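Multiple structures follow.
Here come two complexes built around subunit A, the first alongside subunit B, the second alongside subunit C.
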Partner chain A sequence: MKVATQTISASECLLRMYDEHHEIEDYQKGVPRWCTGCGDNAILTAVQRLCRDEGLLPEKTVFVSGIGCSSRLPHYMNTYGFHGIHGRALPVAEGAKLARPDLDVFVNTGDGDCCSIGAAHWIHAVRYNMDLTMMLHDNQIYGLTKKQASPTSPIGTKSNTTPRGSYLEALNPLTVTLGISNVSFVAQVVDWIPEVLYQVISAAFHHKGFSFIRIVQRCPEWLPKQMDPWMHDPQRVLLLHHENGLEISPALAKVYTKMEEHDPANMNRAREIASSDDPIPVGILYRDDDIPCYEDVRHDSRLRTAEMVKNGLNAELDKFTVWPEGATHA
Partner chain B sequence: MAPDDIIKPNKPAANGNHVNRVSARLKEHIVEIISDSGEGAQKCGQSFGSIVARMGHGVWTVEIIPAEIRPPARSVAGASGNRIRIGEKRVTNGGNETDLVVAFNEQVLLGRVRSNELKQGCTILLESMWRDDPNLSIRSSYVETYKQLVAAGYRVYEIPMEEECHKHVTDSRRGKNMFALGMLCSCYSLDLQVARDQVALTFGKKSEKVINTNIELLEAGFAWAEANLDFRYEIPSSKTTEPQIVVNGNTALALGVLASGMEICAMYPITPATSASHYLSDAFEKVGGVVHQAEDEIAACAFAIGASYAGKCTVTITSGPGYSLKQEAIGLAVMGEIPLVVVNVMRGGPSTGQPTKTEQGDLMTTIFGSHGDAPKVVIAPGTIEECFYSVITARKIAETFNMVVVILSDANLATSQAPFTRPSFDEAWLAPPIDQSAVPAGAKPYDWDPKTGLARRFIPGQPGGMHTLTGLAHDVNSHVAYDPEINQQGMRARSLKLAALQKTLLPPTVFGDPTGDLLVIGWGSTKGAIEEAVEEFREEGKRISSLHLTFIQPMPPGIKEILAGFKKIITIENNWSDDPNDEIIDETNRRYSALAMLLRSRYLFDIDCWSECRGTPLKPNTVRRVILEALS
Partner chain C sequence: MQANFQDQIAFYLTGRREGSKLKPLDGSYRPALFARVSDLASLRYDLPLILNVSGTADRVVLSLSHLIDEAVESLGQSADRDRIARHGYKLELELRKGSTANGSDDFGKMWSDAAARLSDNADPSMQDSAQKLWSHFDVAGTLVDADAEFPSRVVYHAWNAVQDTKAKRFRKKAERLLQKLRDILDAEAIGSAAGRAPDRLRAGVGTSFGTTFDFNAMSRILVEGKPGFELSGERRTRIKGLIEVLERQRFYPVGTNVDEPYSFAFFKCSDALDAYQERHDEAVELLRTLAIADLETKGEYRESVHDVLFDGFGSNGLDAEELAELPDYLVCTDAGTLDAVDTAQMVELLAAGLPIKVLVRTDDILEPSKVAEGHVALGLRARQLVDTAIGLTDVFVFQSGASHLFQMRESMIRALSYDGPALFSVFSGATGHNADMPPYLVAAAAMESRSFPALVYDPSAGADWATRLAVSDNPNLDDDWPVHSFAFEDETLQAGSENLAFTLADFMSMDDRFYGHYAIVEESYQSDGLIPISEALHADVTGLPSEVPYITLVDDKLTMQRAIIDDRLLLETRRCLTMWHSLQELGGIHNSHAERLLAKELKSRSAEAAANVGAAEVAQTEDAAVAEPTPAAVAPIDEPTAEDHGDDPYIESARCTTCNECTNLNDRMFAYNAEKQAYIADPDAGTFRQLVEAAEGCQVSIIHPGKPRNPKEPGIEDLIARAALFN
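Showing the complex of A and B:
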């Protein structure tokens, strides 16, 4: 939330509070067309809750996405949204953020969108470290194009392009992200623990820098039983908690007893944890609040006036000017 | 070389050497200075260009760039330098063959001879140090080449540049170029003080010692030529009354970006576009701008789109291969109606093609590129001055019509320098502040005007304007829609905007009479060469005119009426078209050049074409030959 700097009267203040107070319904738009049981629904609910809890102004909030099931999310948000082209959500979001650091920009992308066609942008987005919150909706399959293996499909996944099972080991988005210079926030959550899902998205939003959240989610249509072993056995989930990370509620702690106190500043341990897919780690793996943001490095906060452009242009033109004899250089 | 008249023999040089120096008055001359890469010929050429511009001559300089960064020394393909055309009047193009060359070795010279760039019998000032080189093969190569050149009728002067420079510096690699500059100033009777001032400016960022050494070498070269050369030229100059700026097309584009009030340029390095971004990277930040070097061409375009979407119209600068990569993103900007300026500095294609060479091969891909019907505005500056103003115009159109505007420049404009009237800043060039006012109740993000297709754009931050922009087919509310009527409606609106823009354009001006025997049509960087050749014919009394198109999509009104005034019409372009004389080429399979194809289909006139893809700028002589063939 940006704080208004000018002083306002008490009555105006009350009016503004009324204007700027939003219920969760204020962020909802339309009826999602995702399949019943799709993890995207849980993510949508979590971000709408976040918007309400943070009191985000709908007009100052932008959800940017690429192409795929995940990328329909902006259509269900009553904020500004940008549903672009396959794989390119990140550069669009970066451009918007550099032009307008006053906007809160979120990115919703999928395992095909981010880890395959848009992989170059993913790596560089981590390096730019712009203040964006990115959610990787990872259901380990191409959904919208009807079941093809994705880079995160476990080896042996049967799909329409791999009828005898996929041939390659799955790409691990966490270890990849943790290996990139300037990485500043890496977390993993699962769609079936909404409480932690919300906590992590909230922590990511509050992190100043590029927050990378891999959300392991179910695809009830194409891989309906894929996550069952992890869902049905809390012992196969490793909950990460720390005073600088997540605080686990007593209720949750009763169910998920496999926990680790992990300091998000500990990169070596983060990489070890990230390497495991069983038990599946859930929580904040890594956080560094001191990495400079690209927009802070590059954005010029001076108020741009016509005078400034005029003077700048004339100073540049001076370098190339041939003055007629007798003319002054004024 | 055909001097108009011999003026006077020169008086003896100050050092007592008596050389009978014959002075000739010329209308124009073309000078080249070439060396191995890194020997400073480019700096010499640029400084020479600036000096003659300062003295009021017309001038057009072109960089001679080898394809490699450090080609082997003394290699035929390694010629690096500058080509300067000096004239008494304004010079609009690189002209024909070269009249005088300064070469630092005979191998780079051979490269120019073999590519037919030198005029038969032209004057060559050749570094003579190789005659005494310790390496036998170098010695014999030099002597052999010298003999061949003399036998072929070239007027070769052997100049001990190395030896003379060593009287002033220990490393002649640093400074020989200034010695050469001094010689040239003497050859063309230029004011030595103006030259001194220019050298001081050229090395302005260096220490005083460096500046003084270079001025010393300049003076040495000048004095040597005064004492030893038996010729001198004088080209009349006409003093300009207003300040001129001397830049190449890429710098002009970059200055245009700055002047247009844009704040972000997103790019990825590619030849020959990058020098625009190099310059902008230095200059832009001073006025609060940012050059973002993205991870790839697609990201650069998407980044620009994101920034434009957020309210700040942005430019992305690229060349052919990068332009191809951006196609899908450009389609997104068209579909979402996001203002965007794309600069394509064309090079030889297809594929990697000829990165450092010029071509006009991207017109069709620019107009029709991106899948589906993706209408966008295409403008092609014809001069270096137009490179500057085209960016300002492009941003204005992009924001007024919420469209993609592509500027087609090319390697010829990008690497050529010529003076033009110093622009005078106008506040109207800038965009208004971003609209952050509340959207009126009931307004829709794509409230297409049924007549013009135009819709008001909602910018993030505007209360009540929340919507999700999408690359999918959408209705007036930006809701995804597969309804046949809605898709038809959206396609219509995006297309109508081109017609709406067309209604605001003025008919183009014919160069020459509005009727005649032949109309030559061109676009982009060939303007100067075509008009020069046409002017020559007109002086001879021929009924020939030319038409140069800056707006290619949409085409301005009035073209049909112009075409109707001529018996024969031909386009001359720097791209591919089949030769109708080839054995298997006939009217059923002949492929026309790009502009001819567009004009034939739109105006139903039997428009002929001539084009070539040699990678070199079009020469007035070539245009002359083509016109003569067309008339016969």
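Showing the complex of A and C:
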């Protein structure tokens, strides 16, 4: 006899039985063409681990990028991917998410891609707060085009465009993002602590809204040893932890003893922490789960049939059609 | 003993009136509490109802009075508010009169007809009021008043509304699935060589650029350059099959299906059961199709796993939740014509957990028992069904008088939306034995007298009786009977009032079949031995009674009269009260177990309190002395001890950044583990030199070369020195 408890419907039940088991290799495609020692490899591994651990279906997952070494990441993911044009990863990702909110959409971009040519899109993506996970691979240089200074290159960086050293103070992607209205998730991590890299990407993935992660990424090809002072001195990394942020494992806590308990709800403190580049703050700086997502605010529940898309496009195009004298349009 | 009283006792004991001055009861009397309602049509109450077909679920059944009040309310403080309200009430009365006469009709038409009838050519304001009110209504549907068909009309209408919602939900899902399934086939067609043939490409580009491209070349490049995408034969067949089933099914009309959709409303359980069984295979096929299509469109259908599972789909029966996707069956029956076979079939249907809603309409709850003289059935057939259904534990049970359907509409809709069987027991009040008393009043009186109590048993509400059974729609829930204060004037025009209970005996006095059990005692003929029935019920009589119970009635001149009742009727009334008490208990009111426990607890507490007086002070000081010690601080977390690797080389894999530095150096010595982090796969697959170089090259310095395994390796001294930095 049935008691009024929850039962599982047939299809759900089958779904549960069919528990797809993935290995990291299942998400790997091709052989990365990054230089040996490049920090992008660590990021790739972290997202592949996330995909495996979350059991993400390759056909339900999209990696979108712009142009740069970092933007090659979608090529190495055995999921859907879109290697876009320089600076335009975000608009592409937003379009995908708006049309297909059921997909998990990730964005991989570089400091040149995001902070120079794509800066306008970056600002508006934060404000739109769509449910995307964005990773800014910040190697402080244009890597793919063989060493030009980027907006995040520290002042004095010698490069092909700044042979005498760059002239401007570097732009701080964290403080910029924290200053944009509707910001809902900001974190920073370094590529050389894989455990935290994974934790932060995972937290960002689970955050409903636009998650911005700046990843300090080594480019051993053009800026060798640039990050060594930080890498070899755990005291120059400030680990942020909190019950609503990261939990630091005991093993890690033994090495990285410089820690701060920081509540990601505290915007003022987040901004103070964000402005430090030595020690490098690592962890979740800010999170607000209550900001509405653009795709929810603008959700259209109508069934998107081919007919409807066609009519919509025609109606749009009609607006720009010059009608010959005397002609009437339908 | 007074002579009058002797006659009265005699009537009480034998039901005989002959030779006394006791007067018989007839249709000109009615219960005193109904004194005001002689002309029901002139009063404002819930009925008639509007069976609304526009708007949300909470507006499926509307009351005309409420609707007018709401509309007047929404006028705010507008200047003509009073005038419009006055006209509104007039229209309401007019409609009530009309609806009682006609049964049911289109509300919009009735409204404008009534406005036309009441309009005076010289004064257009009535029409104006009618229009203004109408513009606030936002309804469409029929206006219905209580008659024998009323319960089935209301339940059928609400059922339809619930089915509409389900149909919409289904259609949305089915259309989405159909679209996606067709998309899969379309994608294959577009991706095929035929889809990339020059003509197709030319058509895709459109006329403006029709000559700009070499479509043959384009087709060649596309066909050769891009691997074709082809569904497996099984998958294509499966998808086509799914589409076919969704298009052909007759449970809910979807898209272009031309076949007449199935009907789900019946008058007999056997017909419903036949239809259910006839359609069973199709229902299973449809549900299986939905489940497969869901997986298929998500790309999650795996033949190796799912084929077997879906082959057996439904062979173990379908559960209520699965069936809830399909329409519910509705059977509207009349308790008066149900025979034992029907009843048995109905119980079987309900017990099977099928998605079926059964309405049992009762017109007569006072049907005299066939076996015992003077004994009334008290809605026996419906009551049996209700008791059995509740006993089945997963049947939603709803019982109400027709008069309360509006008040209890929310529960009614909840029952109709329940994912499983539901039984509706409704008393129409159209007994045919109540002189000119309208069915609405008879139904309301039945609820009032506890002979047809309201109850809602909702299996989905929780696990226990307290949450599942609600009897709170009954009047004066905590009491034996509803008691009302009755105001009157005596012969000297002095105002007085009396509290009158409304009992089964009061209710039965309205029914011509029981007139013989009552005798009117004229004022002059009364004796001291008369007591109100509500008191008599509790008297413990052994031997010859010293009191005779009476009820209070009014005659057609609105004069109060006492009618004594006979013994038989008192017994029936007492039986009705006992039944009410058990319902109260089930509903958590005056629960005997709880009351017994409470009494016990109170007793032990008061005994304890008595014992503790005086000892309190001593206890207080002692309490402080033996205060519990605070628990010890939390034990420190065990620190993981570093693994001892001895002289062997090793990598702190958890810190590896997968940078390929070491693996590029020697991919047999260095390999990635399941987390894609490096470890020493085989220390003998390379030289100690390679180990040391890898350690030096690793940017995060996590490779520890250990001691050389071959001490004869060239330049070993130097290598050992270099390795020391990393060990």
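One rule holds for everything that comes next: the second predicted complex is superposed on the first by the 282 of 330 C-alpha atoms of A that agree within 3 Å, B and C clash if a C-alpha of one lies under 4 Å from a C-alpha of the other, contacts with A are read in each partner's own complex, and residues count from 1 in each chain.
FYI, a contact is a pair of C-beta atoms (placed from the backbone, for glycine too) under 8 Å apart; a residue touches a chain by one contact, two chains touch by 3 or more.
Predicted model only: the values in this text are computed from it and were never measured.
Look at A:A42: by the touch rule set out above, it reaches subunit C but stays clear of subunit B. In the overlay built on the shared chain, the residue A:R236 is in contact with neither subunit B nor subunit C.
In the superposed model, A:A251 lies in contact with subunit C only, and not with subunit B.
Applying the stated contact rule after C-alpha superposition, one finds that A:E195 touches subunit C and leaves subunit B untouched.
With both structures placed on the common chain, the touch criterion links A:E59 to subunit B and to subunit C. By the document's definition of touching, neither partner reaches A:K208: not subunit B, not subunit C.
In the superposed model, A:W323 lies in contact with subunit B only, and not with subunit C. Contacts of subunit A with subunit B, set against its contacts with subunit C after fitting on chain A, overlap at residues 57, 59-60. The part of subunit C that touches subunit A in the complex is made up of residues 172, 175-176, 179, 287-288, 290-291, 294-295, 298-300, 302, 305-306, 309-310, 313, 319-322, 353, 392-394, 420, 459-463, 637, 639-640, 654-661, 664, 674-677, 697, 699-701.
Contact residues of subunit B toward subunit A in the complex are 50, 53-54, 56, 239-247, 251, 255, 258-259, 261, 263-264, 266, 283, 285-290, 292, 294-296, 298-300, 302-312, 314, 328-329, 331-332, 336, 419, 422-423, 425, 427, 430, 460-472, 479-480.
Across the interface of their complex, subunit C is touched by residues 1-4, 7, 9-11, 14-15, 17-18, 23-24, 32, 36-39, 41-42, 44-45, 48-49, 57, 59-60, 191-195, 218, 220, 228, 231-232, 250-251, 254, 303, 305 of subunit A. The touching residues of subunit A, counted against subunit B in their complex, run 57-60, 62-64, 74-75, 77-85, 88, 90-100, 102-103, 120-121, 123-124, 298-300, 302, 304, 306, 308-317, 320-325, 327.
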